[in-house]
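Look at the two complexes coming up: chain A is in both, with chain B in one and chain C in the other.
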Partner chain A sequence: MQSASLLQRGLHTTSVVHRIQAGRYKRTPRREKPLTYEMAWPPQAIGHFKSWNSWNTTNLVGGLRASETAIEDEFVRRFMTGTWHNLFVSEIIIKRQHNMIRIAGILRRAISAQKMYFLIGYTEELLSYWLQCPIKLELQTVNDKKDVIFKYV
Partner chain B sequence: MSFIQGLRCCRPHPVLQAVRSQKYSVQSDPEIVIPKRIHRGPTDILRALANTVNTDYTAPQYKYHDDPYLIPTSNFAKRSYALSQESGRKAAKWILQEHADLFQHRVADPPIEVFYPKNVYTEESEVDLEDLKSSIDNLEVADSILVYNLLKQKNVDLPREILQDLLELICFYNETDKFEEQWIEERWYKQGMVDSGVRRKTWKDNNVAESIFQSLEPADGKSYSAIISGMASHGQLEVAWKYFEQAKSQGLTLTTDVYNVLIRTSNFVKENHEARWALNVELLGEMNANKVQPNVGTLNSVMESLAGMANNPASRETAIRIMADFKNINIKPSLATYYHLLKLFCRDKSRPNSILADIISVLEHQELSIEDPKDTFFFTHAMEICCKQLSDLSLADRIDGLLHTGNNYNLIGDSFKESIYYRNYFLLKCEYETLDDFFNFYDKLVPNIYIPEPLVTEVILKAIDMNGANHLYSKIWSDIVLFDQNGRERIVNLIVESMYKNPSDDEKVKTEMADIVEAIWTKLEGQSSDRVYRVIEWKGSSLGYMISVLLNAGRFEKACDVLQKLDKEQQSVLGVPDIRSLQSFIDACLERNDATAALWCLQYCYDAGFDEINEMGLKIHSKLELSESQLSRLTSIVGEDALQKH
Partner chain C sequence: MLHLNRSLDVCNKVLYQQLTKLRFISTTACIFTNGPSTGSKNEQSFNDDDEFRVLDLKRIQQKQPFQRRPMRPKAVVPPPRTQKMAEDQVWSDVWPGPRTFHPAVVPLPVRQGRNRHGPSPDKFGNAELMKIPNFLHLTPPAIKKHCDALKKFCTPWPAGLETDEKCEQHFPIDVITTDYCHSSPTIRDPLARIVTMRFKLGRLPMDRHSRDKFLRLVRDRHDVDTDTVTIVTDRCPLKTQNYQYAHYLLTALFHESWNFEEWEKEKLETDMEYYDWDLNPSKSKVVKIVKAIDPSVDEENLPEEWKSKVDNYREALTQLFNKGENTDTLQNYKDASLKLLF
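Up next, the complex of A and B:
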């Protein structure tokens, strides 16, 4: 009797109704919401059609500083979006190799190249004071926000 | 199984057969020689890998971001981008220092000191001997002086070695803080060290160094050496010599550096050449008597002193003798030695000297390292002599080869010296190579390594003009635009004139040339009248050339615009165009049967006072069907007689 009820509880008898929402974008009636390539793919496509935003070895067997790395990456992302205000048109990619952190992304050409160089120097230097390792920026620029739009939903 | 065996019997596999027939010789050589272990540094493998990669001339320098928007295309952009980045780094450094309390965490293990805020000492700081030691070790001049004063107030007993170190530090930097080594770009773009003969006195009299020196009672050879070299290298020669005499009278042994700096500055102590040289000989003799070992710095100092007396012919022979002497005691000259030799021997163009070729033969294929601050003057000066005095292209190539051997490029100095080096190299190449070879060279170095200055661009334009290589105009013009030189009057006039002189039959080239003229026209029209700096003046001759080039490509309307400018703004246009340009305009009108334009041009020729209007009028009269009013206008310009004659 007891085993039968356990069995029953382990068995789904209704259709799946829960919604998975994270990392997906709702369609608009007129299909006017722009998505980048990165946004266009749902999370399960990571590793197939798109890639990771943070590259590090902390979650492998014997990896070190998993939680610290996650927090630092979040700090870096917030720092970047704040410092390069309204300029990033892509996700911020953080790659760690040895003691080096490389931060990559795509920018709009909304400010002069000279100002960008100032911000590059500032970001690299200040982040390396904070994280205490060499930081490199690997930036690419696009003329317009529309250049990175992959599709409209 | 039997099937396989049978198969093997009838047709053995060739590889199997080869393996079977092989004889294994295991015990042929019993002695195995294990090579000695070569000790490798932690970065050796990276260096080995780096050696496999050649320079990519198409990529911007590593300090710039590899993105079309962020790659600099002019000398100005190169400078401003690099310095902007450094300025950003400085801003971050300022924040670090200003909010030092927020940056006290230590994440890195082992700790990396450069990422931490610097210790700040104030008048109220509690300091001890360790603080003084560490600030001396970190070469913080102002900090060490402050800490030293604080310790003195507290009557702390300072050991003699530390005081000696402090004295040396202050004397070397003359009480001013050193320039931070981390600001690479600023050093690169700063108008670097100038090799000037005249030296101002920068030594501050009665400074901390002197009081420390007084406190080191009794002063020994080391402390005397520090104070004398400090004073002599910062222009306080009088007192330096006083101390030198004092030290000598006490029978103290001074260091080689003291003698070096005294020899180097001997030209400011004595008036005439004989006295200077006598002083040098005396100092060298003293070194010998006191068993002070000379070094490459001594050699360079002697040479520098001799180079200061270059107009004395005797100093050349002396220099050669000195070189031989130092060779005998196994002191290898550095680049600075050769630089002084060049200054001594290659003084004017009228007497070219082969010494540079000899120097390069000695140095060729060597990996050099810096030994003297003036080593960085060599390459620039050598190339300058090669270009301006010797005009020897193969020698210039050898100098360039030497510069690109190993890490010798580090010895180029700063951006200013680098640009002089390449300017001279380019001028020489442009003059003595065929245009094709020159442009191969040009394509390799421009724009990522070197961007020609306006002067060099002019020389290149002249070379194109002389060779009549009219297919190169579009290429050079696009570079001129890229390097922001299209607003320069001389360059614009030069390219227009040169295009006029080298007309082409090729349709493509014709169009290209006309496009350039239109671009220049737009640029000239676009410049605002209230600009004071670098305004291009309209020149009649250039406008005439523009008309010809445009007509050659069949752009009659544009040519009319240019003529309009000539006609309407005669006050602001300097001079008049060449008559041949105007004649070609009239010919174009005749072809198009455009009598109005032809008469208009003729009127302009009349206003400008050309003698050729009569024959031009005749031509119009004979070739065109003129209406009554046009005929009367023609008559009014050239007169009845001219038309009647024919």
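Up next, the complex of A and C:
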């Protein structure tokens, strides 16, 4: 009885804070903030209206190398954003099949085709050396940033 | 103190000399740099008047009017390849292997995405289409091509193994192993080491004793309904080792069950795996009943009338204990008992 009253006194409750911020974009007064399709849907829409940016088997039952794969994906994302500076207009999609890693995404046509070819070879060579896997860059280009805008908030 | 002061003086002197040197050098340098670049008339007149020259760092004198750098011509982007494609092209040549979706290569008006206020996004600049796996390289004609290419490596099915029964007869042992395909740089999986071996117990040459001993050794690894023994080995790190260990277990079990140890003679009636009428008190009671009904019969050599009744009763009771109680065995037991008694 005594312990019950102690427990009761020790428990503090506050009202629930329903503030969820991640993956959501605040609307602007004039509705001028551009969003891509990926940005337009909140995280709970993954698997319904939009799909994953990393595709691999680590999170299936009995999957291996979950942590290593996550770290490698993050490394690849950072390397890509740095190497293709200010060129990606979509998220970087990393798909793994067996030991093959496919990196996909949408680019702006801001640099010449020659530079783009060089960067493709450079990225594939360096990443395959670091990750010890064959890497394939499968990119799509758009004329302008506006071509991937889904809506304005 | 004195000594220190003197040394300080020496220091100052040296510093001064160095400074003047430096100044001299810097002034000459100024002249060199300014001389050829700003050789205007004004400067000449300043020099003539023995005035200090004005260092024109910002070059206000010869400032050019601002000119916009000419625009680089924009790269000409050809229209999507899909517009030039022939209708009767071979699709497996265009898309030979697995690849991320590309809108300029796939001549289909596909769309993906959900839009509450209009049509869903089309294929150009659509990242959703690039995420999902596609099977554009596995069209039926492409699969047919693959099969045709692989056909020359195939061999005919061995003669004499046409049916499942024949296969089972020639290959009585089933070995089940599993290979795992992960999306990772390694092909190793610890679960791939497990080996399952299955065989029918009836295929092993055994007598009543060795079969009983085998069953006691394998315990619940024997399935009574299908008469199948399943041995799973996973204690060794490699698949081959587990495979060999499973075969070793089979050999060891077989030979051990054929061994008859001295202590096996101590088997009591409670240790029996089946109901044996001859060893049970039921037999002595039946003999007693038969004697009570007809005291003249010899229990060792029963007459034909009694023998059939007793045999019938024995069979019914054995079935009842060994097969379990059900309508048939109970009915048989009842009939046999009635026949024996009345």
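Criterion: the second predicted complex is superposed on the first by the 136 of 153 C-alpha atoms of A that agree within 3 Å, B and C clash if a C-alpha of one lies under 4 Å from a C-alpha of the other, contacts with A are read in each partner's own complex, and residues count from 1 in each chain.
Basically, contacts are C-beta pairs under 8 Å (C-beta built on N, C-alpha and C of every residue); 3 or more make two chains touch, one makes a residue touch a chain.
Note that this is a predicted model, so its numbers are computed, not measured.
S.K.: Based on the shared chain A superposition, would you classify chain B and chain C as clashing or fitting together?
M.R.: clash
S.K.: Just to be sure I read the superposition right, which of the two partners does A:57 touch: chain B = first, chain C = second, or both, or neither?
M.R.: second
S.K.: Identify which of chain B and chain C touches the larger number of residues of chain A.
M.R.: After superposing on chain A, more of chain A is contacted by C.
S.K.: Answer with first, second, both or neither: which of chain B and chain C does A:25 touch in the superposed model?
M.R.: neither
S.K.: Going by the contact rule set out at the top, does A:123 touch chain B (first), chain C (second), both, or neither?
M.R.: A:123: touches chain B, not chain C.
S.K.: Once the structures are superposed on A, label A:93 by its partner contacts, choosing first (chain B), second (chain C), both or neither.
M.R.: In the superposed model, A:93 contacts chain C only, not chain B.
S.K.: Touching A:152 in the superposition: chain B (first), chain C (second), both, neither?
M.R.: neither
S.K.: Quick check on the superposed pair: does A:75 touch chain B, chain C, both, or neither? Answer first, second, both or neither.
M.R.: The answer is neither, since A:75 touches no partner chain.
S.K.: Touching A:114 in the superposition: chain B (first), chain C (second), both, neither?
M.R.: first
S.K.: Please report the chain A residues shared by its interface with chain B and its interface with chain C.
M.R.: Looking at chain A, the two contact sets intersect at 99, 109, 113, 131-133, 140.
S.K.: Which residues, counting only chain C, touch chain A once they are in their complex?
M.R.: 75, 77, 98-100, 102-103, 113-115, 117, 121, 124-128, 130-133, 180-186, 189, 191
S.K.: Tell me, which parts of chain A touch chain C in their complex?
M.R.: Counting only chain A, the residues touching chain C are 36-38, 49-53, 55-58, 62-65, 68-69, 89-91, 93, 95-99, 102, 104-106, 109, 112-113, 131-133, 138, 140, 142-143, 147-148, 150-151.
S.K.: Which stretch or stretches of chain B touch chain A in the complex?
M.R.: 65, 67-70, 72, 77, 80-82, 84-93, 95-96, 103, 106-108, 112, 115
S.K.: Help me check something: in the complex, which residues belonging to chain A touch chain B?
M.R.: Going by the criterion above, the answer is residues 99, 109, 113-126, 128-133, 137, 139-141.
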